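Look at the two complexes coming up: chain A is in both, with chain B in one and chain C in the other.
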Partner chain A sequence: MEIAVGRIIRSSTTRFSAGCNVLRPLVPAFGALVKVSAVGGEEIYGLIYEVKMDDDPFVRQMAAAGENLLPEYVEDMRHNRQVPIEVGALVVGYRTGEEVRHSLPPQPPLSLDLMLACGSEELVAFSRRLDYFGLVLGSRDLPADELLGAHLRYAAQARDAAGHDFLLDAGRVLANLLALDLNRLECLLRRLRP
Partner chain B sequence: MTEAEDVLDSFVPPWRPGPAAADEPRQLGIVVGGSLSEGLTIKLDRTSMVEGMAVGRYVVVRGSTGRRFFGIVSDIALDSVNPGFEKTPPDLSDPFVAQVLQGTSTFGRLQVAPLLVLEDGSPDPRPVKTVPAHFAPVYDASKEDVDRVFGAADDAHFFVGTPLDMQDVKVHLNLRRLVERSSGVFGKSGTGKTFLARILLAGIVTQDVASTLVFDMHNEYGWESEGEGRYRVKGLRQLFPSQVSVMTLDQESSDRRGSKTDHTVRIGYDQIEPEDVEMLSTLMGLSDVQVGALYHLHRKLGKGWIQRLLTDHAPRGESDAPDELEELVASDQIASSTLGAIQRKLGMFRRFGFLVPHAHDDAVGRIVEYVNSGRHVILEFGRYGSTLEAYILVANFLTRRIHAGYVTRKEEALGDRRQEPRPLVIVIEEAHKFLDPVIAGHTIFGTIARELRKYNVTLLIVDQRPSGIDEEVMSQIGTRVTALLDNEADIRAVFMGVSGATQLRQVLSRLDTRQQALILGHAVPMPVVVQTRDYGLELYAAVGYVEGGELQDRLSRNTALLRGEEPEGLD
Partner chain C sequence: MTLELAKIGHQILEMGKALAERARAEQSMRPAARLLLTRFAEEQERLLAVANTEQARHLGCASPGPERLDIALPAAAMPERVDVYAADGSQIYPDHHGLAFYFLVNVGGMVFRHGSGQAPETMTSPSLFYREEEVYPEGQPASADLVNALRSVAELRALAAMAPAASREGPACVALGDGPLLFWLGRTEIASKVQSEFLEQYLHHLSALRQACVPVGGFVSRPHSAEVVALLYLAQPEAHPVAGLHETLFRGLTDRALFGFLGPGERSALFVRGSMTNEHFARAGHSIWFFFLNTGEDVARVEVPEWVAKRADWLELVHAVVYGQCRLNNGYPYVLTRADELAVIQGSEREILEGMLVQEMMRQGLQLPDLSRKAAQKRVARWRK
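Right, the complex of A and B next:
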């Protein structure tokens, strides 16, 4: 089941961001797999690395009003935002037809395309192979280890009983990738712990 | 299941063959490096427990060209992708972390000596001349692989044991090749050299590939003797009553032990030549001058020289003239001190009951006759076995004459192939006393070891100090059966003249103290570590031995049959 997260407001071949007006339980969530259609018909996959709420003049004014704020005003502000909630996603692959590639897409998604949160089945299919770890771990300006940890926990949950074995396999791939950085490896493995 | 196994299983699930995969060999790892001279480096797969490996085990590397490289595990090591693991080991109290890292970041490494290559379409394994490519998968050797290398049992191959960890695979020794060249059984004291030698001899007798002459120092080969664990093991005479003859130098001892002997060997003083005594020069402390004097004395005194030297006073005849010995001293041809020393040292012969002034029996002739008729001769030394001088004197005395006879007959056979003498294997113990570097050059045993099969006589050396044996002789030993050795010099000696020996050293020094042996050389296509077969009931039955009780049963059955009391089934 796919749930719309928001519409694309900014994109490149490595990252894209969508704006949405409201936070619902678990959507959007840090580490979740999302997808967006591209011009060529591909579906571009990303991992949500950031959910950001920027300020606007009204929010500032109301915040300055102190504690005497009617709850209705607060609710109205939250649902009718001037500036959308921004959801940033790191591109981790794309799909053409049935084939999933864990590499960067030829083109970025177009603005105002819908960002959709992937369901369990698609998450399982996407993480069948684990070649996209390099794309995540190499993003030095992001909380890459936290992101990967959160994503892998979701991917394990989506597998139910097979989740433990999935985490072991993922851990082993990480052990190879991070062979030269033992501290980082150990911290990351602790995050994966079921 | 023990607690330790539980913990291990939580890290790496134990390997259990599934119903379909039971016969499929298990992949152990992949080749990651190495060379032909230094051996291959194998990275163990995550599922291969390093603690489940053993040096001496066989593996097969499947090369990318269809070739199968047959090798032996020569070393096992622990390795990791990052040396940092040694300095700051990860916190393994977290089982998940431990489970991820073990076998991935930290893993076992095998050193494998490639020995043979099995090519598709070629039935026989060939010596290895190259190495498999990178990342070639490595498997446990299957029963078929081992069978292909060590051959099935036939009239030249004899089952000697099973490879380590492969109870249902049999390693066969090519006995024809074994007797073709001299061979050796080595091992520390108490590692079962005698048992190994007995198994080999049982094979030689069963397959009838040669005659044997055993100089049985400790009376262990002919009749029953005590094995390890206080049970009694049967001698070769009991197993092969019609093929094996036992002769003794000490009838009393043989009688006491209940050993059934065919002859008592006596050697006459008049049969002994200076060459026989020279072999004892080190043991008796004879100097070069004294050895030279022996030859001189023999020349002057003739056949009765020993008898005369052992007599204190010259036999006085009717005339009072001095005898030849006195004349030699008087004419200064031999110093009286030299003569005195020789007489004192030869005095030892008086204690050897098997030496008599004149033997009526021709021991050599009888042994040669037995050997030619296809029988095997075991010469028991009785109490003289503990006297090294007696052992060396007799072994040397008999072997020199037998060898000389073989040389003559072999030369005659050049004209007529039917005259070819039957191959003979001479078994000697404490061989380093015969073959030490000082005397090996000019003794008969050194000659036999070096001549190889030229004259159809070869040695089977049983020894615990191979380092004491002359290098040149050692390098000519075709097949070496080696139980545990831990002295560095002995290990070096055993591997002398063997290619790829460095890789096998670890294997040799890690053998069990009992019933394990490394066999290498002429009779096996590649070095092999075997759990040697039991010298017991199973072997007795395999060589056709029938217990007395059963024989009696068979006799009565057959008698009944002949009388018409039984319908059929003549045995």
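Right, the complex of A and C next:
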């Protein structure tokens, strides 16, 4: 099932961000796989690396009311006010027709396109090959290891019983990629342990 | 060029001194005015006679209500369930130097169901005015005064439109607007026929609220009126005719300062607005009354129609709701902050609107509309901001 996260407000071929009003329970969190349409008809895949709310003095003032705040005020702030929550995604590949490529797309998504959360089937299909690890590990200004760890846990859960084998495969790929940085590899592998 | 602050440094120093002097003067006359409030606290008949004199009309004196003038009544607790309706407006004023001569009014509204646990309902109602008869009513170009008057009518219309649905059954309701409930008609830039139409519509919406049994209030933040001070001045036997309070000992003293003795949540006695316009309202059964309220942060004026002022349970409800709404919101009703937030037109939104207008004008085969030379050159010169 595809769930709309929000609409694109900023994009490049390496990252894109969507704005949404409220965080709904089903909206994916850090590490989840999302997708958005691009100009040429491709679908661009990304991993959510950031969910942030803009600073808002009105919300701060309400927060200062502490426990006295009635639920109507909280609901108003959460559901009615146009304070967007920004969801940032790191591009990890794209799909042209039936083919999924784990590389950067030729063109970025357009503004106001819908960012959709991928369902389990699509997550399993996307992570059948693991060539996109390099795109994540190479993003030095992001919490790349945390991001990949969170994503792999989701991908393993989506495979149910086969999740354990998937994590073993992922561990092997990571061992190759990080053969020269054993400390980092160890930290990352610890994150994958059940 | 930019503002050369060094050139007014001296004036800023002088201004600071002048403000301090004014504050000291106000403080020194407050006790005398309060003594008068107590002295005439139960002399309603005498004060009514004073308020009906020509001199009182000239000064815009308030009239006393039935209560002791110097009372301070605490707010009742908010009812467990009450629906609060609020509306506020915003506008784009007509501009001869703009792309086209038009104006826009946007009203934001909210239904806050206190005690329900539900998210409030919100609405916005934008209206674009561009027809010949709208932008040149009675042959005169629309002015800022006209837009303000039209906005006031639209705000009350929004309140009246929201209210009936709630009044049929269920919890108590209160409707709140921002600013005076008394609609000012001394506008020289509005043709008298148009003024009369506005007044008729405004009174019609007040009647609709009354019929729906929804008490309505207007919240005036930091009021600078001196209607009660003027009444107290004229009530003194030794008072002599003056052109304005500035000729008296009470120069610069406001009603807000006079009622500074109110504690948090307390309201003053009721008074009747002294404006000439109130006579039009009174004829329609909507004479505007008011009280002062300590919101917890400041002293505000709350205006209510006569039919609210004279019904104790509605008056108590308005008092409780306004104070309850102010408590969490730094002394200003929460619903009005939100209604303003819904109504306000940001500069970026205006740019998008005008971009759409340009597109539509071009689609209609009009030449690419242009700003006036004055407006265009201002933009060139002000490019930094």
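Heads up, the rule we're going with is that the second predicted complex is superposed on the first by the 184 of 194 C-alpha atoms of A that agree within 3 Å, B and C clash if a C-alpha of one lies under 4 Å from a C-alpha of the other, contacts with A are read in each partner's own complex, and residues count from 1 in each chain.
Note that in this section contacts are C-beta pairs under 8 Å (C-beta built on N, C-alpha and C of every residue); 3 or more make two chains touch, one makes a residue touch a chain.
In this text the structure is predicted, and so the values were computed from the model without any measurement.
> Once chain A from each complex is brought into register, does chain C clash with chain B or fit beside it?
Taken together on chain A, chain C would fit alongside chain B, as the superposition shows.
> Looking at the overlay, what does A:D54 touch: chain B (first), chain C (second), both, or neither?
After superposing on A, A:D54 lies clear of both chain B and chain C.
> Kindly classify A:E2 by the partners it touches after superposition: chain B alone (first), chain C alone (second), both, or neither?
Neither chain B nor chain C is touched by A:E2.
> First (chain B), second (chain C), both or neither: which does A:E121 touch?
After superposition on chain A, A:E121 lies in contact with neither partner.
> A:A175 contacts which: chain B (first), chain C (second), both, neither?
The first partner, chain B, only.
> For the overlaid structures, how many degrees, to the nearest 10, lie between chain B and chain C at the C-alpha centre of chain A?
Angle at the centre of chain A: 170 degrees.
> State whether A:P71 touches chain B only (first), chain C only (second), both chains, or neither.
In the superposition, A:P71 touches chain C alone.
> For A:L167, using the defined touch cut-off, is the partner it touches chain B, chain C, both, or neither? Pick first, second, both or neither.
After superposition on chain A, A:L167 lies in contact with chain B alone.
> For the overlay built on chain A, what is the smallest gap between any CA atom of chain B and any CA atom of chain C, in Å?
Nearest C-alpha atoms of the two chains are 48 Å apart.
> State which residues of chain A lie in both footprints, the one left by chain B and the one left by chain C.
No residue of chain A touches both chain B and chain C.
> Can you name the residues of chain A that touch chain B in the complex?
Per the touch definition, chain A meets chain B at residues 167-168, 171-172, 174-176, 179-180, 182, 185-186, 189-190, 192-194.
> If you look only at chain B, which of its residues touch chain A in the complex?
Going through chain B, the ones touching chain A are 46, 81-82, 84-85, 88, 90-91, 94, 96-97, 99-101, 104-105.
> Which residues of chain C touch chain A in the complex?
The contact residues of chain C facing chain A are 112-120, 122, 328-330, 334, 337-338, 341.
> Touching chain C in the complex: which residues of chain A?
Residues 58, 61-62, 65, 68-73, 75-76, 78-81.
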